[in-house]
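Same chain, two partners: chain A is paired with chain B first, then with chain C.
Our next item is the complex of A and B:
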């Protein structure tokens, strides 16, 4: 693993969705779904992107896959700027970056058998010669823990977990090296979640995959990731190795998230509600630090100036005026 | 390459089971099937040309559908209604031994009787025979016109829904433009300028029928486009045409079938209306609307000229509408 050149480098990635307006009218406003997001993913690691609903996680995933066109910014994959590729160049990149979707019920075409789904991909990308397609599909299904006879069945004949395995097989059909998983287990039963997560980790080892996992489930994130990025209202507020983040979160938002993890101990005291109120609308984000209306530590500076990501250590960065610079001994009390 | 498994739980099997629960729709489907059969078999049901003919020591099989050059040479095809076999010769005629164009002037304007079951018209032509041959015309107008409308509607609707942006704007404006013009009067105007033929009617009805289909397909595409399987296909680098027609379209066709069924009824009615007003098929070709038009001068006493073709139109249109309704209910999962 080379820690100096990132495998995927996201630089100032921005996506604004226009609100209102029409063919001739200008948009009245914008939803800032992703607002100047930068991060790196190194080869072979698992990076998680966490945040609550509406924080822009899924948009980041779709931007990386170029399913959504960015408003601004670049995405470098293996040194190539994905945002500048034409459709032909994009097709070859699509063999290297693949995505797994959240909803195993809508992510498979209900009118196609598993065979026709996978065969189509193998055929279009000429992964294997025609006469080897059936054999290759068998291998793919075995790889994700399904029987070969699953091939001729339709999606509705499978359970949620099995469908997610088919979705993974489809993504793996083109032999990708980078896999974006958009909430890969949040639609599944808890018992099945563990199986799918273990499968993902097994596959990573076997096929030397690099993962970017989008999730709102901190338990899942802690289980599988090497590093974590915390997103709030379209921005990254904290970035740290998993253990550091869970042991000593810096940003008040991260702390609020941590305190919301349910503890398996009924006698444990109720979590402190660190974040007040609802997340604000991304159409009109608050001035300064977008978390300040909900933050118990917010100062005058937080209301007016947007905090940049600052280094706390080599691997730990946080975007907070109050905590990111303060040393441990001067922790301010909640207001 | 893509093998299909026979599957008792597949979508269309479920729809069929649901459809069978609607007795009335099932009956309507049966009526349509019978009508289709009658239309296809018309030369064997109502014809003056025999099914089998033994003449001059030679057996002619199906002279009603094949043209034999020696019979043609004797000019027999135009005169079968008057031809009588001499000794040693015989022929087997269809159950209704009258062609749709055979005139027997001395038999004109007879009410329903034993030889002419549904009576004769002002030129002594058998009404039943003309209705049977008319069903061919009316049904094929319906199917061809709806086929044209569906093809145009599906193509424009898919493009509009899939690509969005300016494509969508252009197609939508075009649809609205078509919808503000009263179709029937547009067709009458166009037919007034074009040579009257069955093909012009089919094409003109088809060319005005697509906006509804296009809107339906556009709506389905907008819905399906957001589904993750479409995103997955795009992420896998499949081409737009493959995603549109192999992935989305099969999932979007359900409502189109329903609207096509209603469209069939509409097209049949439209053709009848046009023929009734004299903009339809040129006489003497029989179509149900044309039969009604001919009856105009005799309404006060020759009731059979009005009732039977009118009933045929009514039953057919109702049957198609009932099938459409049954199909719509069977495809709607909320009604299960």
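Our next item is the complex of A and C:
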């Protein structure tokens, strides 16, 4: 891990969505989509954010781009607090941070050709003079592995993998240094998924990009990332370098996730079920550790007090009263 | 040849199934001559990427496809000596849900949102067994317990939106099992679910299949999911069967270049940030499939003959067969008639 200053520093980021209120009525409750999340991303690395549906991982991605406004907390990008920027300043920052969306079928405008889509980006951000736009688009398409003649076609004329390439080309058009990819391959077939993952890794090397990947697919995450953050119900429960996380997970939720991954091997036994039941509602999260109702190791303390994210080693953090122990801490008695 | 390769004892025998759709760009050959069979108590899987015809095959077994867009269905689907494709709608109604039932991918959209979950299952029991509400509620309670739905008494009277994704899939499975069918078709039963819930549903499917000695036809794109349940695998590509065999054979020694490439592109098999093996290009259009072998434009081992003639079916051994010219040249060549 790099020890210099983080390229992206997310500090106590929080997003609550009101529920139950009306136009004039006060909200009755809040969905704690993202609840005091802090993490760093260093220049040139690939960090993945994993978690099940409703864990808040996509909201984190959208908050970083300021596609949604945070309730609280700050996001420092290259030293600048993004949450304090006005729309004009934000536009110049967005040239540096770009996003690739999950569904290549709905994230491209069906009435625009690839040319007009990319030319618009180049024009709005004044990347190249007008007369060079066509040449620049050709280069971009080549970069993502498409032919130049793709530029005069509409999204419906492309396959899912090709559309995702167009989405990547659109993100790269403004020469970003930081790319947020929200489930970049989950809508794609296995054979095409591999093509896109290879492309993302090639581009990172060629263009020195930093990635934040949002994914629920642990196989993909293990393959592509340097570090992994595990989210559960709006909070980060564990953070570790990829191999550490997969080889020796600390948090029971991470263990449950790992144990549930099916293996492509018919002689392997069925995954052991370490977590029972389903994630609770983020409107009414359980008291204490929000994983305790599903956790086989839960103690009395877990029911009452929310565990902080503690260092296990320099690079490994986990939020668990039972497993992530500082040496000074008393060992909680299991019940 | 082992029993698994013989069709005479099969519960369901799909013979040369062809399903063509009419589209604005011409006839789409969604399923183009697929044959396979399922023995009583056997679990088999149709595997392939989007557009390979796996779901269309499953839907045509219960004749759930509507015309239009279906232009033509050919071939035979033999179940208990009857061709399902030739049955009238009334005769099919007696089979659907009773002898063959189906679990769909999107559990939340497969239940009717305005009726209570218990009542929707009770309708099935009333139709096939003429059961009264009270009788069926006792039975549904047992079913819910069996598929692991907590507090079954309360759940029966709830609406689908009050169930989570995992629970609604369990209740769909309960509905499908209500009349103890001989064959359960599960079309991507866990694709919409989170990985921890997926593991529970897979364990449930495997348990009920073994406890009831029921036949299971699993449709999936996910080779890891398939490995958990199916003992026999049929690999489809662009409307054709390219390989089939026992799960152990297919997973240890995939023989068709497409099956091999599919396994190689799984990220879970590699460690670290190595380049993944990919299959160049993309799945061909169903309206204009390539001549000869449909995989030849993407195949690393393609020969001239692959571009001209469709490859014959070859049984490589007792447990594995493929449609590929690579094997057709060997002297053991055995064509499927």
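The rule is short, and it goes like this: the second predicted complex is superposed on the first by the 323 of 335 C-alpha atoms of A that agree within 3 Å, B and C clash if a C-alpha of one lies under 4 Å from a C-alpha of the other, contacts with A are read in each partner's own complex, and residues count from 1 in each chain.
Basically, a residue touches a chain if its C-beta (ideal position, glycine included) is under 8 Å from a C-beta of that chain, and two chains touch if they have at least 3 such contacts.
Predicted, not measured: the structure shown is a model, and the values here were computed from it.
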item	value
Three-chain arrangement built on chain A, chain B and chain C clash or fit	fit
Touching partner for A:120 - first (chain B), second (chain C), both, neither	first
Partner chain(s) touched by A:153 [first = chain B, second = chain C, both, neither]	first
First (chain B), second (chain C), both or neither touched by A:224	second
Chain B versus chain C as contact partner of A:285, first or second or both or neither	neither
First (chain B), second (chain C), both or neither touched by A:109	first
Which superposed partner A:167 touches (first chain B, second chain C, both, neither)	first
Chain A as apex of chain B and chain C, Cα-centre angle in degrees (nearest 10)	80
Lowest inter-chain C-alpha distance for chain C and chain B in the superposed arrangement, angstrom	8
Intersection of chain A interface sets (partners chain B, chain C)	none
Contacting residues of chain B [partner chain A, same complex]	1-5, 7, 9-11, 166, 169, 227-229, 231-239, 242, 246-247, 250-251
In the complex, chain A residues that touch chain C	52-53, 159-162, 189-195, 197-198, 201, 216, 218-220, 222-224, 256-257, 259-268, 270-271, 273, 275, 278-279
In the complex with chain A, residue positions of chain C that touch it	49-50, 164-167, 194-200, 202-203, 206, 221-225, 227-228, 230-231, 247-248, 251, 261-263, 265-273, 275-279, 282-283
Chain B-touching residues of chain A, taken from the complex the two chains share	23, 62, 65, 67, 90-91, 94-95, 98-99, 101-103, 106-113, 115-116, 119-121, 123-125, 130, 152-154, 156-157, 167, 170-171, 173-174
